[in-house]
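Two complexes are shown next, each including subunit A; its partner changes from subunit B in the first to subunit C in the second.
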Partner chain A sequence: MIWQIEITILIIVIILAVGALGVKDLLGAAILFGAYSFMMCLLWAIMGAVDVAFTEASVGAGVSTVMFVAAVFRTSRRTED
Partner chain B sequence: MDALLNILISKANYWLYIILMMIGLYGIMVKKNLVKKIIGLNILQTAVILFFISVGAKEKATIPIIEHGNDTVHAAVSASHYINPLPHVLMLTAIVVAVATLGVALALVIRIHQQYHTLEEEEILKRIQET
Partner chain C sequence: MRIVGLILVVILGSVLFYGSLAFPPWGDPASPASSHLSPYYIEKAMEDTSVPNLVTAVLADYRGYDTMFETIVIFAAGIACIVLLRTFKETESGSRLYRHIPTGITLKIDKKGRFPEDSVVFERIDSHWVPHDLIVKTTCRLIVPFIQIFALYVIAHGHHSPGGGFQGGVILGAAMIIYAIAFNLRSAIRRMSERSAVMLSSLGVFIYAGTGALCMLFGLNYLDYSALAGLLGVDPVTARSHGILIVEIGVGIAVMAVIVTLYYNLASAGRHDEGL
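Entry: the complex of A and B
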């Protein structure tokens, strides 16, 4: 575990979380959430939890993003906040 | 004061996890859009999982796979050379549960949109009161 890389990726993760909640477009929020999941997966790989990182990369980043995009296309992209 | 500063600096990554957790809680409570609420819920879940994983991490330790295979000579295994695998196994289950809740939540959102043609909480409440 290299603490410089860990702190850098943690800051990127926090920025992506704020961005995913703050952006005015739901499709953009879904894509930012996918990037957030991939950064989180990288963080777990650094911490030595390779099995958790693998599951997050396939299930969290892959399937969740597909579900979000499908749900946004079936409903509406408009959001007030 | 010096002791407090010491705690603040030595536990810096824990403070960042708490910030991430609070961002998720903010998303659940303040955002009016239902999809934004679900994103906040997922951020909260991953922040808790991140905290548990970081508890198991150790300095100068390798991933939890024993290097001596089944047919080689038995050597003493020191637990301090391996990262604690117990939080990994618990959080693996939590990730799968998170995806299951996400699927159910998005299905409910799609059904709500079919019924009321909007995703904003206040407009949904207004249309419920109209009918």
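Entry: the complex of A and C
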């Protein structure tokens, strides 16, 4: 385990998390959240939990981002009812 | 209110950090988990189950109950999504857009008009976002089979490498989603209908639970796959390895179907008509 890489990834994870919470645009938040998941996946891989990293990459960074984008696509500023 | 929330978050966060100080350090060989539980798995997993990937052995054999109920949780999530989102209401306007393929002209047909439903020169397009996407469609058509084969490889090779039912199922579902995005939601639903998605998700859970029940039928504990040795015609150790493969296939089917169901409902707001 190389601590410089780990610290760098941890800092990026925190920046992405704060960014995903803070950004006004929902689509941007979804993309930032996907990037966050991908960084978490790298962290799992560094720790040697390859199966968890694989799951994080496919579910967190892949499908859940698509789900968020699909949900954002169906949201409007005003309610339709 | 924001101040109160901030104070609460800071207090709870510091309590969490304080609690995490009591954990053993990362990778500590003297921690309870590493000194009692893990050595057994590391030493015995290979001779018990003949599965080289410890994670798969623990997940699907030693901790089979956990994985089964995880699968049931995913199934319940899919059902809950259908219950919450699915509507059978017509779209508000009722008019549809059709593109005349040879000329590229788009027609808007009103509710009262006649829709060219089974015409070969007209294709129905979504009312929101419909660029001409020949390159996207062709690329998708080329890569989807490879994604699916990779997913099957991930499921089948979970004994030897990272992967297994969950990951493989998610990748299979993602292949279906990429097809729905590149073409449109209706052609994806024609390939895999809502009914078959729901049937497949319950079939996956049934395969898992049924394998466990079959083990009971042969006189051993629930999910003790060595009971299947006689049925599969192999020795009990190999039977546990094969049993893991069977339940991983069940998990893969269930996860794939649930992912597809979630996407159909989220992308079309439960109408299964026009979507991303």
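One rule holds in what follows: the second predicted complex is superposed on the first by the 76 of 81 C-alpha atoms of A that agree within 3 Å, B and C clash if a C-alpha of one lies under 4 Å from a C-alpha of the other, contacts with A are read in each partner's own complex, and residues count from 1 in each chain.
The working rule: a contact is a pair of C-beta atoms (placed from the backbone, for glycine too) under 8 Å apart; a residue touches a chain by one contact, two chains touch by 3 or more.
On a predicted model such as this, the values are computed, not experimentally measured, just so you know.
With both structures placed on the common chain, the touch criterion links A:I15 to neither subunit B nor subunit C. Measured by the number of subunit A residues touched, the leading partner among subunit B and subunit C is B.
Of the two partner chains, subunit B is the only one that A:W44 touches; subunit C does not reach it. In the superposed model, A:V63 makes contact with both subunit B and subunit C. In the superposition on chain A, A:Y36 makes contact with subunit B only, while subunit C stays out of contact range.
Residue contacts after overlaying the shared chain place A:I5 against neither subunit B nor subunit C. In the superposition on chain A, contact of A:A71 is made with both subunit B and subunit C.
According to the touch criterion, the shared surface of subunit A, contacted by subunit B in one complex and subunit C in the other, consists of residues 47, 50-51, 55, 59, 63, 67, 70-71, 74, 80.
Across the complex, subunit A is touched by residues 12-13, 16, 19-20, 23-24, 26-27, 30-33, 35-36, 39-40, 42-43, 46, 49-50, 53-54, 56-57, 59, 61-64, 83, 87-88, 91-92, 95-96, 98-99, 102-103, 106, 109-110, 113, 118-120 of subunit B.
On subunit A, the positions that touch subunit C within their shared complex are 47, 50-51, 53-55, 58-59, 62-63, 66-67, 69-71, 73-74, 80. Partner subunit A is touched in their complex by these residues of subunit C: 26, 53, 55-56, 59, 92, 128, 154, 162-164, 166-167, 170-171, 173-174, 177, 181, 259, 262-263, 266-269, 275-276. Across the complex, subunit A meets subunit B through its residues 1, 3, 6-7, 10-11, 13-14, 17-18, 20-21, 26, 29-30, 33, 36-37, 40, 43-44, 47-52, 55-56, 59-60, 63-64, 67-68, 70-72, 74-76, 78-81.
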